[in-house]
Amino acid sequence: MKNPYYLHLVTMVYVNAVLGMGFALIYSTGLVTLGASAFWGIGAYASALLVMKVGLTFWLAMPLSAILAAMVALVFGFLAIRYAGVGFIVFTLLFCFVVERIFGYVPVFGGWGGIIGIPTPEPIHLPFGGLIDFSDRIPHYYLSFLLLLAAVITFSSLYSSRIGRAWWAIKLDPNLAAAVGVYTYGYRLGAFVLASGFAGLVGSFYAHYSMAISPEAFGLLKSVYIQIYAILGGLEHSVLGPLLGSLVFTVLPEIFQFYPSVEPYVTGVTLIAIVIFLPTGLAGLVQIVLRAITRLRLAARKKSGVGEATL
Amino acid sequence: MMLLEVSRVSKYFGGVAALSNVDFVVSESEIVGLIGPNGAGKTTLFNVVTGFLPVTNGTISFGGEDITGLRSDQITRRGISRTFQASVLYTRASCFENVLIGCHMHYREPKWKAFLHTKAYRKEEHTMKQNTDELLEFMGLAEYRDRFAGELPHGQQRVLGICIALATKPKLLLLDEPATGMNAKEIALVMDRIRRLRKKETTIVLVEHNVRAVVGVCDRIVVLDHGQKIAEGVPDEIMKSPAVIEAYLGRKNDDVARG
Amino acid sequence: MSTQLFFQLLVNGLSIGLIYALVALGLILVLGVAKVFNFAHGDFFMVGAYTFYLFQVGMHLNFVASVVMAGLAVALLGALCNRTVFQFVSGSILKAAATTIGLGMIIQQAVLQLAGTAERGVKPFVSGVLSAGGVRVSLDRLVIIGICVLLMGFLAWFLNKTKTGIAMRATNLDEETAVLQGINSGRMYFLAVTVGSGLAGAAGGIVAPIRALNTEMGHAMLFSVLMVVVLGGMQSALGAVVGGLILGIVLSLGFHFLGGLSELLTFFLIGLFVMIKPHGLFGKAIEVR
């Protein structure tokens, strides 16, 4: 049986990976967002309120929260996406800032103390008898894994289709993409809405997992962390990368708890070092290492005279 | 029938008129040459027609439909494509991938089918990829299929640019100085392809400095200078027109000497 | 509302608005010339304020000299950052965002560890009021206005009348052409970053006497400056000044009547404005090709 602390860590790794993948998805169209945490927060608060104030079951609240986050993203994106890179990132930053303030100041969200006592998901009654009870950590773990899987499958499927190709074309040269008939604005908006919807989805999960939420968790710092999950992992590998990045940067802050004054330095240096020295990220590093190993093995084979046909 | 009608179009950048009351028509299956000294406004005209720049005044209609003010991707989907003066390519992608993205607007299966990778979608992908290969073949680029576009010699990059524009299956193709940087053999190939395209019912407008190339292939030539149309007619007339010679000689360039 | 109150609020708004303008000018100078969006610009401002404190309170330097030191210190910091980070991320918004945010974190923590968490207060440079026409206005605000106007005048002179300044503007407008005309763009980047950062530092010093210093003040300033830049136009110096003034006055009046909510309200007002004029007051849409 897994140690509950490690179970918690891995669960959070999964959650953060989905957030990082959302960032990567949006970046695959050439846009940088610093507002991802706001949509995570919208999902969390929406779900908490839907269950606690409206009385819905979690299993209905979760998809609804995701849809709500997506709708907010639609409105925001509709207004913000027409700006070039710098303008867009500024707007997302402002948005993130403002959403945190709204969660803090508007009374229905519980103020700066946030909402506590969020109920765990209702148990699922399995058809062949038996119960999945969410008072334990393990079902949460599996649920987060399922959400991650959903994200991985959805995003990969899109990347490998003509939609992903359109995104790539837009990212590398939006003018050329438009010249061949790609509706750049629409594709960017689509990616933004989808990524934000998923952020809302795991936000809902997070609210009922940690059972208490407060505005600070959804502020700019989290948006920066989400950026790190994606960049650290490597943006060329939009699925594996964020998972790796999330793994490192979910575990690392746990260690920092004991050395709180070091954390900003490590985070800051990581950001700078990754961008300048290892732009392909950890996933890229893994690839380089694998390639080097393959080359070494090939060289060793040639030396020992094994036939080249083995390649 | 007038395929393209540019009516009294002006484009001002601040106080400067890049285009001034230009009237310009193109009939179906024509090959029209657009010439003029540097800065005459030829590329600006292309930019305005294809939606890369908004007009200040005037209207543009295509196939009877008013397309003034539409986005460039909307205009491409209505059947006008262009190449760029400076090669605009996905340099870190293969030639194949470059042309494949050009096929983007021809997918008929809806996006959700693409997401689910249904059989119909996969079949369509296959067709698109075949079309891409055929197009590369047609333009003589088959040997560069898997090479990065950025690695190609300059002349071949321009050919690739034309290839990408062709992938959109345009009714009207605007070529912005296609022959620049090409050697004689490449120019001959491209011009031959252009003639072949006309047989395939593509209408073409050509901007070129190489006047000899233009004269050889165009039905009609339009001359711009300082944003205004100063002459229009068959190649022979234009070559002899004093206004045209004046416009070229009046500037310090060697186009007339070359052409 | 009495005339007295109105004038005091107006003067407050002008003074803080000019500060916003100064910092915003620094930001867009770096953005336009060196093509780096420095998210640590607010932290630069904060460093300026703390440097001022160090010199004025710690070493008993006078007001003006302390402001100068603040400006120089941050200019130096900017030059250092340029050498180590900016030059590698110029042009790429993702890289610039990630690295400058990282820089900001490092800088903020460093100042926090050096200066401690206690809020610092600085005695005002001048105390007292100016009486004119039956209205009394605090002198320190007028001093701020004066110095800011002086600095902006100097900047305007530099950018319009000196060879180097004109070269910088050329690099801002069209770098390729500028390089073809013999302008050393690397040097322009360096100058822009130094001057731009120095402006932020000086602003921090100027405003230190009327603010309580804490290490978070940079983020609040960045937020305000971003609103200024959105309002005024991302690349426009005039927009930065006008936007700064508008924001300063609106916030000054708004804060008096609405308290903390005025910030949010202003944000939404600007958001609405931007829907009508997407690129700000003086911004230009980026036309393609």
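Residue numbering begins at 1 within each chain, and the chains themselves are lettered A, B and C in the order written.
Note that a contact is a pair of C-beta atoms (placed from the backbone, for glycine too) under 8 Å apart; a residue touches a chain by one contact, two chains touch by 3 or more.
Bear in mind the structure is a predicted one, so any value in this text is a computation, not a measurement.
Most remote chain with respect to chain A, judged by CA-atom centres, is B. Distance from each chain's C-alpha mean to the overall C-alpha mean is smallest for A.
Each chain gets a centre from the mean of its Cα atoms; for chain A and chain C, those two points are 33 Å apart. Taking each chain's centre as the mean of its C-alpha atoms, chain A lies 42 Å from chain B.
A straight line joining the Cα centres of chain B and chain C is 46 Å long. Each of residues 288-289 in chain C touches at least two other chains. In chain A, the residues that reach two or more other chains under the touch definition are 175. For chain B, residues touching at least two other chains, in rising order: 52, 72, 84. On the chain A side of its complex with chain B, the touching residues are 154, 157-158, 160-163, 165-166, 169, 172-173, 175-184. Of all residues in chain B, those touching chain A in their complex are 50, 52, 71-74, 76-77, 81-82, 84, 88-90, 92-93, 100-102, 104-105, 107, 111, 114-117, 121, 125, 164-165, 167-168. Note for the complex: chain A touches chain C at residues 27, 32, 34, 79, 82-87, 89-91, 93-94, 97-98, 101-102, 105, 175, 220, 224, 227-228, 231, 235, 261, 264-265, 267-272, 274-276, 279. Residues 31, 37, 85, 88-89, 93-95, 97-99, 101-106, 108-109, 113, 219, 223, 226-227, 229-230, 234, 260-261, 263-264, 267, 271, 274-275, 278, 286, 288-289 of chain C touch chain A in their complex.
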